[in-house]
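To keep things simple, chains are lettered A, B, C, D, E and F as they appear, and every chain counts its residues starting from 1.
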Amino acid sequence: MSTLHTVNKSPFATTTLASCLNHALEGDAILLIEDGVYGGVVGTELAKALAAAKGVSLYVLSGDLTARGIDTARLVKGMKPIDYAGFVALATEHDRAQAWL
Amino acid sequence: MSEIKKFLYVNRKAPYGTIYALESLEVVLIGAAFDQDVSLAFLDDGVFQLLKKQDTAGIGVKNFSPTFRALGDYDVTKFYVEQESLTERGLTADDLMDITYEDEDDDYEEKPSIRVVNRDEMAAIMGDQDVVLSF
Amino acid sequence: MKFGIVVSEGPYTHQASDTAYHFVKAALAAGHEVPRVFFYHDGVNVGTRLSIPPQDERNIQKNWTALGQEHGIDLVICIAAAQRRGLLDENEASRQGKDANNIAEGFRISGLGQLIEMGIQTDRLMTFGD
Amino acid sequence: MKFGIVVSEGPYTHQASDTAYHFVKAALAAGHEVPRVFFYHDGVNVGTRLSIPPQDERNIQKNWTALGQEHGIDLVICIAAAQRRGLLDENEASRQGKDANNIAEGFRISGLGQLIEMGIQTDRLMTFGD
Amino acid sequence: MSTLHTVNKSPFATTTLASCLNHALEGDAILLIEDGVYGGVVGTELAKALAAAKGVSLYVLSGDLTARGIDTARLVKGMKPIDYAGFVALATEHDRAQAWL
Amino acid sequence: MSEIKKFLYVNRKAPYGTIYALESLEVVLIGAAFDQDVSLAFLDDGVFQLLKKQDTAGIGVKNFSPTFRALGDYDVTKFYVEQESLTERGLTADDLMDITYEDEDDDYEEKPSIRVVNRDEMAAIMGDQDVVLSF
């Protein structure tokens, strides 16, 4: 039993990603989409919190990342870019999806 | 449709500034007719929805907070409120409305619907659902 | 697997209706079923046929209408949310004494029960909103 | 003093159009002038006549129409924002080949230049949005 | 020359009030409206930042406060509740208004 | 209308997730015809609007970032970008597009439109305007 969490807001503008991180359980996955992808960039205070999320898999939607001009080389370590097909696959692999709006 | 699923309504937004809280409540009311296992989660700014003494006369908007107190009659009796969200906002459980239901399995005794839980408990509740509706 | 989809923000204003569209296309391409998409909150505005996006922009309504027709997806607009926001079909317009309607082809207006039913009858409920 | 007002979020969805309304009423009551209100982004949706709010709720469109008519306020809906979102007057509908229009009485559709002009010609520009 | 800043978002959900505080100048006023009024409550981390805003006058729109069930007795020290007429007066007393959206 | 006012467009939101950045740019383009004293402020998530190499093909949305580079031709030449906002987001000025204008008062020399300022300077710029438009 595990959850796919989606976060679509910039972590610099809202506290949404922080709240998601506070509630993700071991075995869960967090997928950053839309403006949420900015949270995946290295070198920020937030990146440290992401790195500290133990047992949670981190993903980012590549189309949203590329749209915003962010190279995958800048992603925090362990964060995996996926496409929409990968998003669908993640949704099937977890028992439920929770959108952090 | 005999299958019973666990439905969680996640409320993370304050009332009135935006419509999410009101339109979440409208789903809960309709959803109550479907005999599913319903829980409501209030965390982050969602805890503001349950504050006592809301009085919207001055802004010309409908005060929908009394509707929460009616939900017990629709068998919606599990309101999980996150302690950490209250504390961060300078609030305590005493600031929340009295919301109760009559427990038909216990001689219709009146019981509180609001259950204050800590963050880990809230995370566990979220991780134990079939359907999560986010508002 | 059966996916139920909730779109809860308006077209162009928010990316949610685009992301949901790409997700649904990918789910169908992978052999999954998407029996219904439920439009709630400002998401109901996806279903207006009066939208005129700039020539060099995607047409969100037409994309959804086409996808829905091609794959037999039930595109449901929440009636309560739609009434507040001025999204009407012919029946509603006539019942409410309004002189026009604006719903697009392929969408239908119905109640919130359709959302709950979708949650019960599908394997995964995905929400795209703000 | 002359106030210019920008409303940039949708009715019911966001409180901005309510706050702006109360501000304008208070400004007029204090003897100030409000020559124009400019509706931008989702704010254009304030100007649809097809909205049917619940009986026990305020009618945001009708409130604005009445206030505008009583005080001669120019209620301008941005054409670019309106086209994307499906808000049309009779001229635009006919020009674009649409079979219906939905603009409410007392509102008019015009260009963004009206916003800049309002900024130039008023003493204070107040923005209500999200 | 001074500015009336309006903040309409909860400071617990977004970083808007923090950004406003970072850019307000001495002699400016900050008015909390809509969901922004939650920022006026004592006993939070944020209340300390507000108290530290030197030379900036703090106001809150009373209709929005009452709507949300917050008693004026809970406001941080020095924050003044005003009505819509007071809002209009503030707008006239300052040279410009800046909405922090 | 011979009076020239100082107009500041304040951009605090990221592009694509919501429409504010695009619709702000549309106002700037129209506003350029009015011969006012125009400045653009990019702070908080607004700095993301100016990132290089935006490519929206994968999300089916129009990439409007090249339009910023055209603004010099409309005499919109003052782009104030806040250093602290960049730093907090793990960015530097090198991550931003090259946006230039030809200075007609200096033999049409090509000059950078982007001026990185610190937070105090940004606050001072905001406090020196006649009209502030927020997006």
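We take it that contacts are C-beta pairs under 8 Å (C-beta built on N, C-alpha and C of every residue); 3 or more make two chains touch, one makes a residue touch a chain.
What you are looking at is a predicted structure, and each value in this text was computed from that prediction instead of being measured.
Under the contact definition stated at the top, the chains bordering both subunit D and subunit E are B, F. More C-beta pairs touch across one of C-F and B-C than the other; that pair is B-C. The greatest centre-to-centre distance from subunit B, using averaged C-alpha positions, is reached by F. Counting every residue number used by either copy at the subunit C-subunit D contact, over half are found in both chains.
On a Cα centroid basis, the chain most remote from subunit C in this structure is E.
Each chain gets one centre point, the mean of its Cα atoms, and the points for subunit A and subunit F are 29 Å apart.
Note on chain placement: the centre of subunit B and the centre of subunit F lie 43 Å apart, centres being C-alpha means. Multi-chain contact residues of subunit E, defined as those touching 2 or more other chains: 8-9, 12-13, 15, 34-35, 63-64, 83, 96-97, 99, 101. The multi-chain contact residues of subunit C, meaning those touching 2 or more other chains, are 12-13, 15, 19, 22, 41, 54, 57, 125, 127, 129-130. Taken residue by residue, subunit F touches two or more other chains at 16-20, 44, 59, 61, 130-132, 134, whereas all remaining positions touch fewer.
If touching chains are joined by edges, the resulting network of the protein chains shown has some other shape, matching none of path, cycle, star or complete graph. Pairs of chains that satisfy the touch definition comprise A-B, A-C, A-E, A-F, B-C, B-D, B-E, C-D, C-F, D-E, D-F, E-F. Taken together, the subunit C residues at the contact with subunit A in this complex read 1, 3, 8, 15-16, 19, 22-23, 25-27, 29-30, 32, 124-130. Residues of subunit F touching subunit C in their complex: 16-19, 59-62. Note for the complex: subunit A touches subunit C at residues 8-9, 33-35, 61, 63, 83-85, 87-89, 91-92, 96-97, 99, 101. Against subunit F, in their complex, subunit D makes its touches with residues 6, 40-41, 80-81, 111-113, 115-117, 119-121, 125, 127, 129. Interface of subunit F with subunit E (complex): residues 10, 12, 20, 43-44, 119, 122-124, 126-132, 134-135.
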